[in-house]
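Next, two complexes with chain A in common: one pairs it with chain B, the other with chain C.
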Partner chain A sequence: MELLPQLLINGVIFGSLLAIPAIGFTAIFAVLRFPNFSVASHATIGAFAGYAANVWLGLPTVPALLFAFTTAAAVGCISDEIALKPLRPYGALTAAIASIALTIVLENMVRLGFGNDLRGYNLPLMRDWRMYGVRVGPQQLQNLILALMIMTIVFLALKFTRTGKAMRAVADNPELAELKGIDPTFVGRLTVFFGMGLVGAGGMLLGLGTSIDPLTGFRFILPIFAAAVVGGLGSIPGSVIGAMVIGIGEELSILVLSATYKSAVGFFAIVIVLIFRPRGILGERKF
Partner chain B sequence: MLSYFLANLTFAGIYALLALGLNVIWGMAGMINLGLAGFFALGAYASSIATVYLEFPIVLGVSLGVMVAATAGGVLSQLSLNLRGDYLAIVTLGFGELIRLIATNETWLTNGSDGISGVPGPFRSSLTPLAFNAVACALVISTVLVAWFISERIRKAPFGRALRAIRDDEMAAAVAGKPVRLYKIQAFAIGSALLGLAGAAYAHFNSYVAPDIFRPLLTIYIFFALTAGGTGNTLGAVFGAVLVIALLEGTRFIEPFFESLSGVQAASIREIVIGATLIFVMRFRPKGIFAERPPRPLGTSD
Partner chain C sequence: MSILNRRLFLGASAAALAAPSLLGAQTMPIKLGSLTPLTGVGGTYGPSMRDAISGVINQVNEAGGLLGREVVLVSEDTQTSPEAAVRAARKLIDVDGVAAILGTWASSVTTAVAPLAWESRTMLMCVSGADSITQLPHQGFICRTQPNAELQINTAGEFMLREGATQLAWIGRQTPFAELSIHVLEKIAAENDFGMDSLIYEADKTTYRSEVDQILRSNPDFILLGGYAADTVVLLRDLWQAGYEGQIVGPAYAVNPSVLDTLPKDVTEGVFTWEGAPAVESAAYANVQQILGVEDVDPYSAQTYDHANLSILAMAAGEGTTGDTIQSNLRLISQGDGALVDNAVDGLAMLSGGINYSGASGPCDFDDIGDIVGTQFVFKLISNGVASVHSRT
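Presenting the complex of A and B:
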């Protein structure tokens, strides 16, 4: 087995899966201007909704993924309306603290229903493919293709639909957008819906490769933040690039660090980027 | 029962130390620290390693724990000083996770997820468990009193006034000639020292530390204590800490009435209650039970 190409392939696959929740996180930041830490619980909710659809209802991956998206989007919208929206006027930090409290509430609701046991998806077992000494699982490849399709849909929607344009307008300049007749509250709701939906779908995609438990989302929170910060908080293309950097970085770190330190890569990436280029790779505003 | 009460009072004292530490960083200086579990862990591990492996006396171990946490706080705030608050939130949260990762993986130093057991407590060997709980409780409460006194002094001193000025308007404080950067680093280090002290006290009272204890849940408990009590108010911080323990422990007594619930479910309901109450308090009583009352300038009257 060739180590380096294998790690690069794994990194690209992990990075593209990571990009989905990172897009959700960064989009919510761009429009609502606070780091919403409840992405952790929404990723978990997506993973468990997908599990319920896949194992209990026997649905295949793609419908289960849609179910994960819808559930996380709905929970995201409702919980934001009740818990976070009234607190946003108090400032970004108050909303950020409340979003951690929200994460704890939602994560424990999942725990209340499902317990702490590890659960695995019901997936057909397939033999890994080998090419030039590199191993790739068909499931991994399917996840990669799904992630790329989701990204394509997101970019097309932002570029060409009215709603997508409205979101970009609010992210760019909320006052000007409002003058032009765009309702920021409505756009905020839409962003939470699609953002948390993406986070939920991402949670399921990331969970497909392993088993899931109520802490699944929390385990990915560092790489998700790191992807968003490295790419430039609030920039959607940036979050995809950031996710690739983190994904490949985590895999390559195995060459020099023990595998258990993979998730530390995210933290160091955040610190390095913030010291040398605080706005990230594609961020436009300097903070 | 008395022993149980004393133990919980001790835990309330440890939470009060954490809340006082966070009050300096977040309440007075307005810097967010979502990684306080990490500083708590640094204090606990440094003191445990020093007393268990190196057989230092407890006092030396605790001071080491305080110093390690304060240094880490100083360095982290130095690194992230130019960042806006929401970035600092991400960096500190990441820091807390990093510490937990190190505690889990550096088995040679921390004994991994098994944790370090047999951390010595003051006079533990020569006392009955009840008497030990009483001694520990008295020690922790006197530490809280000292920490409270120091916090009050800081709050009323020119340093504290400058911190509030920085919190409310950093630019104005800088224009008024306050060394903003230095003060922020100092505030973060002082607060982290208190967080580390709480960690060391926890390790010696509990006689056992493991990475599981330092989950981000703790961070929420302490933010809850501070927000409920009144951010920026030292008395509120202590009161809030007692309130958190009362909520956590009080709900245990309701559990027997719901026999169908498993232990995991009961624990998750407890955490749902804490999280939901925090959001509720932030929304309907954002200044807490005791709102901050800045000390009046000298020479003025009501």
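Presenting the complex of A and C:
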């Protein structure tokens, strides 16, 4: 049990990083009403765009993060327009399956361009700081601060800007929003732009502490999905809470389970939520 | 027309109809399959493993082919995933009708593909290390050029003792050789009255901080890594950030050049790697260097080069083009008192006098269950981001 404080810190940091792509995933679900599994490849694209900005262009972390956001957002809009939007009238399941196909295509395009090799960001690596028997990495702390800043910007934008209010309106009731003069198609595009941008930024943040390869995003898809489901599909505050539950749960699980079963925490959380609270911790549409 | 005549007529007609296909079978290309990890965690190695096979086939075709026929390569991708590998193997066996499947890399992949191979009597040559693979009821249709895991871990354990270890630890991902690795290391620790701790982690995670915290509780002074490159790069970084000051040894396929390029030099400083030593002084190794156009040939490409040569020579020795022919004649051309040859083109010319193929990965001698024997190992020490030879066994 002496590991408990350390595991809690590890879990909070992982959960906060996981929250960024989970917000993107759940925002897209709230507005477009289908689970867009191509977040996996968009996280990869964001991670590689950030890598290109950081290593090839020599940009520091924050500008590289903006580049990752913009690239993933642009790719998200284009790929949605070409591959997913035409299929959305056929139902959520069709669009969800198409998004799986899309993620495979995009992942292989990254592979075609960058190859299979592992790549690391050009950032100085520092030993962890130790305080009161627990350790925290400077890079981790920076990532945590960046993740919290992004989350704050997202919440403020949704609450106080016209675009954010329009998104919330469409998520809450698309027909009523249209009657009020809000174009749901335009809001859908905006949501994909910001959603995939967040996923791309999240992909880079998650990649900063490790290395990246074309499978980077694929590794996050289960925890991202689990976070969104646990928090309540379509609920942005819920996705943050869900990400924390998954992040902390995965880390704490090694106290009682073999580390081999870490991912089972995500599945287990989904099962528990579906049994006792099918709409998630906060319920859906709490945009 | 009498009944006899009708029978004769029908027989002659059937023969006439069948003749083109029979003649065609004699002129059809001979197919070999490569099933390497072009993508996934083994994707660093797969393309060059395939290219080494392709290079051998090109050389054989330029020299007149095999049994008067062209040899063609059908390449598929395992994606380093057992599920994808099984689909690809089914295609190679059922659609392409390959005589042999060459170059399966991950032990989990080889284990999944193995039953398909022996049930269809297709030869399977792999570079996987899990001991369980050659213990399968494969009827001689599996052989490997990679030393088995028990031999590898024993060799690494003895190295750790030589380097002064007193408290051992093994940390690696879930693989078919994980349990065995722990067992071997525990045995070594018990024999020497050392402590030993182990942890199997889940593959494909982005951080192993908590796992590192857990394994470091036993204060190991030497850690043996048991993962692949993608997770090892995360693990090495996490160990360094946690302030671990002891020694580390990892398999060369996990601490590979890609990992060294990715990580800052400080993180990999002083890390040891070990691997089955390719026959770097051999003409076969020089041939692979030329085929791939590289100075340093990875051990797996050296091994798949040997797979292609062994398959072709075994088919030539048995004058057949099936997996059965390769299975029956593999040891006839790979070991014994015949003339030493290091490539299929020379071997085909000298076959009648008896040959013993010795390739780029070593002597290529196999025991009864298909394990390679006589493998030597090389240990390398990483300094300033570069791995250089430390010692050999």
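To be clear about the criterion, the second predicted complex is superposed on the first by the 281 of 287 C-alpha atoms of A that agree within 3 Å, B and C clash if a C-alpha of one lies under 4 Å from a C-alpha of the other, contacts with A are read in each partner's own complex, and residues count from 1 in each chain.
Here is the rule we use: a contact is a pair of C-beta atoms (placed from the backbone, for glycine too) under 8 Å apart; a residue touches a chain by one contact, two chains touch by 3 or more.
Predicted model only: the values in this text are computed from it and were never measured.
Asks: Evaluate whether chain B and chain C can sit on chain A together after superposition, giving fit or clash.
Replies: They clash.
Asks: Contact-wise, after the overlay, does A:Pro35 reach chain B, chain C, both or neither (first, second, both, neither)?
Replies: In the superposed model, A:Pro35 contacts chain B only, not chain C.
Asks: Which holds for A:Arg111: it touches chain B only (first), chain C only (second), both, or neither?
Replies: Both chain B and chain C are touched by A:Arg111.
Asks: Between chain B (first) and chain C (second), which, if any, makes contact with A:Gly120: first, second, both or neither?
Replies: Touch partner of A:Gly120: chain C, not chain B.
Asks: With the two structures laid over each other on chain A, which partner does A:Leu7 touch: chain B (first), chain C (second), both, or neither?
Replies: Only chain C; A:Leu7 stays clear of chain B.
Asks: May I ask you to decide whether A:Leu274 touches chain B, chain C, both, or neither, giving the answer as first, second, both or neither?
Replies: In the superposed model, A:Leu274 contacts chain B only, not chain C.
Asks: By the touch definition at the top of the document, which applies to A:Ser258: first (chain B), second (chain C), both, or neither?
Replies: Touch partners of A:Ser258: chain B and chain C.
Asks: Touch check for A:Leu206: first (chain B), second (chain C), both, or neither?
Replies: It touches chain C, and chain B stays clear.
Asks: If you stack the two complexes on chain A, which partner ends up touching A:Ala92: first (chain B), second (chain C), both, or neither?
Replies: first
Asks: Of the partners chain B and chain C, which touch A:Phe220 in the superposed model: first, second, both, neither?
Replies: After superposition on chain A, A:Phe220 lies in contact with chain C alone.
Asks: Between 41-49, 113-121 or 221-229, which chain B stretch has C-alpha clashes with chain C?
Replies: Among 41-49, 113-121 or 221-229, the clash with chain C belongs to 113-121.
Asks: Jot down the residues of chain A that show up as touching in both complexes, chain B in one and chain C in the other.
Replies: 108, 111, 116, 218, 258, 260-261, 263
Asks: Which chain A residues qualify as touching chain C in the complex?
Replies: Those residues of chain A that touch chain C are 3, 6-7, 10, 14, 108, 111, 116-120, 124-128, 130, 135, 137, 206-207, 209-211, 213-216, 218-220, 251, 254, 258-263.
Asks: With touch defined as at the start, can you tell me which chain B residues reach chain A in the complex?
Replies: 32, 34, 79-80, 82-87, 89-91, 93-95, 97-98, 101, 104-105, 216-217, 219-220, 223-224, 227, 262, 264-265, 268-269, 271-272, 274-276, 278-279, 282-283, 286
Asks: Could you list, by residue number, the parts of chain A that touch chain B in their complex?
Replies: 29, 33-35, 37, 83, 86-87, 90, 92-94, 96-98, 100-105, 108-109, 111-112, 115-116, 218, 221-222, 225-226, 229, 233, 258, 260-261, 263-264, 266-267, 270-271, 274-275, 278, 287
Asks: Show which residues of chain C lie in contact with chain A when the two form their complex.
Replies: My answer: residues 38-41, 43-44, 46, 174, 199-202, 204-207, 209-211, 213-214, 217, 229-230, 233-234, 237, 240-243, 258-259, 261-264, 266-267.
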